[in-house]
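As C-alpha cells, here come the structures.
The following pair of complexes shares a single chain, subunit A, combined with subunit B in the former and subunit C in the latter.
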Partner chain A sequence: MSLLEVKSLEVRFGHGEKQVQALYGVDLSIDAGEIVGLVGESGSGKTVTSLALMGLLDPKSAEVGGTAVLDGAPLWDERGRRRPRSKVPMAMVFQEPMTALDPVFTVGSQLVETLRVRRAMGRRQARAEALELLEAVGISDPTARMRAHPHELSGGMRQRVMIAIALACEPKLLIADEPTTAVDVTIQAQLLDLIRGLARERGMAVLFVTHDLGVVAETCDRMITMYAGRVVERGPVVEVLAEPAHPYTAGLLSALPAAAERHARLATIPGRVPPPGTEITGCVFAPRCSHRRDVCDQPQELLPHGDGREVRCIRASEIQFEGVQV
Partner chain B sequence: MTTSKEPLLSLDRLSVRYPVGRRKTLTAVDGVSLSVREGETLGLIGESGSGKSTVARAIVGLAPVSGGTVRWEGKDVSSLGRRERRDFVESVQMIFQDPHSALDPRRTILQSVREPMDTMGRRKKSERRDVAVKALEDVGLSAQMLDRYPHQLSGGQKQRANIARALVTDPRVLICDESVAALDVALQAEILNLLQDLKDEYELTVIFISHDLSVVSHLADRISVMYLGRIVELGGTEDLMDHTLHPYSEALLSAQPLVDPASRGERIILRGDIPSPLSPPPGCRFNTRCPHAVASCRESDPQLLTITPGHSAACLRIDELHGLGVREVPT
Partner chain C sequence: MKFFKVAGLSLASAIPTLLLATFIVFFLQRLIPGDPAVAIAGDYATPENLARIRADLGLDQPLFAQYLTWAGNAFTGDLGTSFQSGESISALVLDRLPITLILTTMALLVSILIGLPAGVLAAQKVDTSFDRFLTTGATFGIAIPNFWLGMMLIIVFSLGLGWFPGPGGVRFADDPGQAMFGLVLPALALGLVGAAEICRQVRSAMVENLSTDYVRTHRAKGLSNRSIVWKHALKNSSLPFATIVGLQVSRLIGGAVVVEAVFGLSGIGSLAVEATNQRDYGVIQAVVLIAAVLVLATNVIVDISYRLLDPRIS
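Moving on to the complex of A and B:
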C-alpha cells in the first residue's frame, strides 16, 4: 500500500443539467519520499486533481467522487464528509506566493500561527520551530526575515516561506502546483533542489503539478500525463521521456524548443483541449491525434505497457515515438 | 543577413533611470550599447530585474531615456522630425507578454487590429478593414473571429490578435517582450512557428525578449545576456551556447531545466537573488553570486570587451577562466 492511494477520483461542477464533469476516474498512488509529476496543458485537469485532494473545491459547486487514502486514513468518507483539514498530514504550495501569503502579517506570524494551530505549540516553542523551518528551507538570517512582510521578500524567498509554512504542517504529502512557474530559472533551480532535498530527507511524498517537462525530468521519479480529465499515460520519468507511448505525451515533448534544431519548425499539437463537459465516446485525444484510426472510435482503457507503465492508447504498441535519452 | 550597412537600430550607452524618493535613483538600464542588424533575430535574456524589458520599452518610447541615444537608421530618435518620427513609430512595433491585458476588452478584435491605422491616419479608411483582415488571416485567425471580443478568445488566439495588430503598420522591427511566456508548450510552439513565418513573409527584424533560454536560442541569431541593467555577454547563438564566456550566462544555461538532464555538464546553482538595482554591488555586478569571484571583482567594474570576433563579454577573469583568447574546441 502506497502512502497515497487515490481510486477513481471524479469531480463534477454545477448542478442538474448544467453539470459538467472535470475528472474521469483518476487513479493515483505515491510512495513516501517519491516525487510524482502531473503534466498536461491547461484544462487537462491537473489542478482540479490537486484541489480535490486538498479539499479546496467549494462543496456547494463541486462534487467529488471516488476514494483517497493517505497514510492509511481516508480523506473523506462514503458520504463525502472530509476529515478536518488540520488533522490531515498534507500541505500545498501554490504558483503565486504573493497571493498565497497574507500581505498584512509578517512572515514570522504566519508561520507561528500555522504551528500553533496545526501542532498546538505554545508561542515560544512555535517561534523556535519557525526559525528552524526557515533555516531548513534555506533562508539566510531567519531571525531578521521573521519580521519581514511578504512584499519585502523576493519571489524566490516568498516561495521558500510558503514551503516552510507547508512544512510546519509536518506533511507526509506535499502538493506543489506549478511552484516554480512564476520565478526565474536560476531561482527555479534553487527551489527544485530544495524540494528534492526535502522529499529525500523527510521521506515526504510530493505531487508535482507542472506543464514543464524539463522540470519533470529534473525533479520527478514518476510522471502522469493527464488529458481532458483523464490519465493518459504514467510511468517512470526516465522511461516515459525516453519512449513516450501516448501520442499526447510525445506531442508535448516534441513541442519543446530544446528538442528541435535551431530555427527548425517546432512540432505542434493541432486543436485544443476539449472543454469540460464535452461528450466523448472514443479516444479523448483522437480529434488532435495524427495517428488516428477507426479503432480509436471505441472507448480507451488505461492498459499496462511494459514494466510499471500504463497508457490509454489502443495503438500504443504499434507506434514508436521519438523520445529523449534522460 | 546584411552586416555592412548602418545597423537598422542601435543603442548607444542607453540608460534608463527612475527617481525614487529623495535623491535616490533606480538605474534600470545602465549604459547599454547594442546594434540590431536588418533581418536578424536578436534575443535578449536575463532574470527579472535585469532590465531587458526596459531596454525594449525605451526603444519604443515607453520608458524615459535618461542617457545615451537610440538611433534609427543612424539618426537619433529624439531629434527626428515629425514625419521621420511617425515613420519610426510605425516601423517599430511591440508585442507584450500578457495577451489579455494588451487588448481593450470593449473593442472587437477587428477594431483593435484596425486601431493603429486609425490613430496614425494610415491608409484610406475604406482600405483599413481589408488590411486588418489580411493581417488577421496571416496570423491564422479566421473571419468569424473579427467581431468577437477578447474574452471570447483563447489565450493563443488573443496573442495572435496582438501580433496581427503589430503588423498592420508594415513594421520593420518587431519587439516581442516575453510573448510566449504565458502560453502552454503546444501553443507556444505554434506562436513561435508563426513568428518565424511572419518574419520571412514581412521581412522583419525581431528583438525577442525572454527569460527562457531554450525559446531564445531556438529563434535568435544573436543573443545578448543582461544582468542588473548591463549586457554581460553578447554573441552569435551557437557561439554563446557552445562557448559560453560569462559565468552568469553559464549559470543561466545550466539552470535551464532540460528534458535530458544528462546532456548537461555539472549543474551550477546560483546562491541568492539578483541584487536590488537601487543599490547595485560595487565592482562587477555579478560578484555577489559569482562562483568565480575574487577580491578584484569587488573593486573594478568590467567592461564589455570583444573576446573573439562577434562575441563579447564583461568579466575580469575571462582570461583565467577560459585561457587567453584561445579557443579549445571540446569534443
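Moving on to the complex of A and C:
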C-alpha cells in the first residue's frame, strides 16, 4: 500500500442552489519518498486538492467527499471528522512567502512553537532543534535569524523558513504548493534543489504542485495533470514528457521554452479553465481542444495508456504528440 | 534598551504638540468675553481698584509675556492662585485629581475587560446568532449617552436595589475602600460605551486576521485554535486595539465631567464646572491643561506600544 491513498476526492463550495463542484473524484497515490508533480494551469484545482488533504478548507463553505489514507490511517472518517492536524505526519509549504509567515512573531518563535506542539519538546530542546532545522534549509547564521521577523528576510529566505517549519512537523508527506512561483529564477533553482535534497535525505514524499512543467521535469518522479477539477493524465515524468498522451498535457508542454525554441514561438492554449459550476457533459477539455471529434462529446474516463500511465482522452492512442527528452 | 530608545522617540515627538496645546489653552482663555478683574473686584469696583488687580495678576503685561510667565510657572508646577478663593490652583487640582484618575482608570478597565473578550468571542463565532447578538448590543451601547446610563444605573442599583451608595460619594481620604466601591457605578456609566466600541473594533480586526495566510500556516502546522486566536491573531490585532484604547482615554476624560456631575463626585470635572460658573479662569486653564497633558500622555503610551507591538514600525 502506498503512503498516501486518495480515492474519489470531491470538493464542493457553497450551499444549496449556489453550490458548485470544484473537484470531481480525484484519485491520488504517492509512495514513500516519491516526488509527484501535480500540474495544470491556474484554476485547475491543484490548491483545492492540497487544502482538502490538509483539512484547511473552511468547513462552513466547503464540503469534502471521498477517502484519504496516509500511512495506514484515514485522514477523516465516514462522517468527515478529521484526525487532529498535529497528529498527522503531513505538512505544507505555501505559495506566498510574503504573507504566509506571522509578521509579529520572530522566525525562532514560530519554529519553536511548531516543535513544541508537534514533537512535545521542551523550550531548550526546541531551540536547539530549530537552529538545526534552519541550518538544514541552508540559512546562514541561524542564531541571528532566529531573532529576525519575517519582514527582515528576503522572499527566498522566508520560503526556506516555511520549509523549516514544515520539516519541524516531521512529515512523511510534504505538500509544496507552487513554493517557487513567487521568487526569481536563481532562488527558484536553489529552492528546488533544497526540496529535492531534503526529500531524498529524509525519505519524505512530496506532492509538488506547480503550473510549470519545466519544474516537474527537474524535480519529480511521477506527474499528474489536472484540468477543471479532474485528473486528465498521469504517469512517470520521463515518459509523459517524452510522449504526452492528453492534448492538454501536450499543450502545456509546448509552452515550455525548450519546446518553444523549436517552434520559434511560445505556444499557449487558447481559452481558459472552466470555473467550478460550469456545465460540462462531454470531454472537459473539448472547448479548447484542436483534436476534437464527435466521439469527444461523450463523458471521458481515465483509462490505462501503456505501462503505469492513464489518460482521460478517447483519442489518445490515435494522436501522436511531440514531447521533450528529460 | 529598545524600550528606552522607543520611549525617548515618542516623548520627543510629543513635545511640539504639548507646546501647541499650552498655546491654545492660554490664548483661547483670553478670547472668552468678560474681565477677570471685574469678576474679582465686583461690578462696582473703581477704575483704580481694577487697575491694581490687573497689575497684581500681570494682566497689564503684553499677551506673549503673560503666556511665557504662565507657561514657565506651569512647567514648574505652579499653576497660579484661584481668583475666587485665593488658594493655590495646584493644591486645588491635586485635591480633585485622584478621584478622576481612579474613576477613568476603572472605567478604562471596564471597557477593556468587557470589550476585548467580547470582541474576540464574536470574531470566533462570526456570523452566528451569538455574534449578531453581541454586535447589535455593541451598536446600541455606543449610542447610549453617559449621563443617561449613569442615571439608569443609579435608579436601578442604588435607589432601587440599594446595592451601591447613592450619589455624593465618600471622600477618598476618609475611606479608600468605600470610596472605590462608590466609584463602581460611575465607572460602569463611563466605561460601558467604551466597551462597546472596543468590542466592535477588536471583532473586525480579529475577523480580518483570522482569515489571513499566516493563520492558515499556523493551522497547517497544527497549532490549537486557542493559541491561534488568543496568541497570534490577538497580537496581530494589537495596533487597532491600542488605537481604540487611546481614543477611549480621551473620551473618558471628557466624559468624566458629565459622570462626576451625575454622581456628585468632586473630581476634576466638577472642579471645571464650578470654575466655569465662577469665571475662575486660572482654574479652568489648569484643568484644560491637565486634560491636554493626560491625552498627550496617552498618545505617547499608544505610540510606544505601537512600536513595541509591531516589529514592522521602526
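A few comments on the model shown:
The rule is simple: the second predicted complex is superposed on the first by the 318 of 326 C-alpha atoms of A that agree within 3 Å, B and C clash if a C-alpha of one lies under 4 Å from a C-alpha of the other, contacts with A are read in each partner's own complex, and residues count from 1 in each chain.
Note that a residue touches a chain if its C-beta (ideal position, glycine included) is under 8 Å from a C-beta of that chain, and two chains touch if they have at least 3 such contacts.
Predicted, not measured: the structure shown is a model, and the values here were computed from it.
Superposition of the two complexes onto subunit A shows subunit B and subunit C fitting side by side, with no clash. When the two complexes are overlaid on their common chain A, residue A:Leu241 makes contact with subunit B while staying clear of subunit C.
Judged by the touch definition given at the top, the superposed model places A:Ala255 against subunit B, while subunit C stays out of reach. If you count the residues of subunit A touched by subunit B and by subunit C, you find the higher number for B.
When both complexes are overlaid on chain A, the residue A:Leu173 reaches neither subunit B nor subunit C.
In the superposition on chain A, A:His149 makes contact with subunit C only, while subunit B stays out of contact range.
When the two structures are aligned on the shared chain, A:Leu207 is found in touch with neither subunit B nor subunit C.
Seen from the Cα centre of subunit A, subunit B and subunit C lie 80° apart once the structures are superposed, a value rounded to the nearest 10.
When the two complexes are overlaid on their common chain A, residue A:Met157 makes contact with subunit B while staying clear of subunit C.
By the touch criterion defined above, A:Val11 reaches neither subunit B nor subunit C. For the three-chain overlay built from the shared chain A, the minimum Cα spacing from subunit B to subunit C equals 12 Å. On subunit A, the surface touched by subunit B in one complex and the surface touched by subunit C in the other have no residue in common.
Every residue of subunit A that touches subunit C in the complex is listed here, in rising order: 54, 56, 84-88, 91-92, 94, 96, 99-105, 113-114, 117-118, 149, 151, 162, 165-166, 168-169. Subunit C meets subunit A in the complex at residues 212-214, 216-224, 227, 232, 235-236, 238, 309-312.
Those residues of subunit A that touch subunit B in the shared complex are 41-42, 154-157, 184-190, 192-193, 211-219, 241, 251-253, 255-260, 262-263, 265-269, 272, 324-326.
Within the complex, the subunit B residues that touch subunit A are 47-48, 154, 184-190, 192-193, 196, 211-215, 217-219, 237-238, 251-252, 254-263, 267, 269-271, 273-274.
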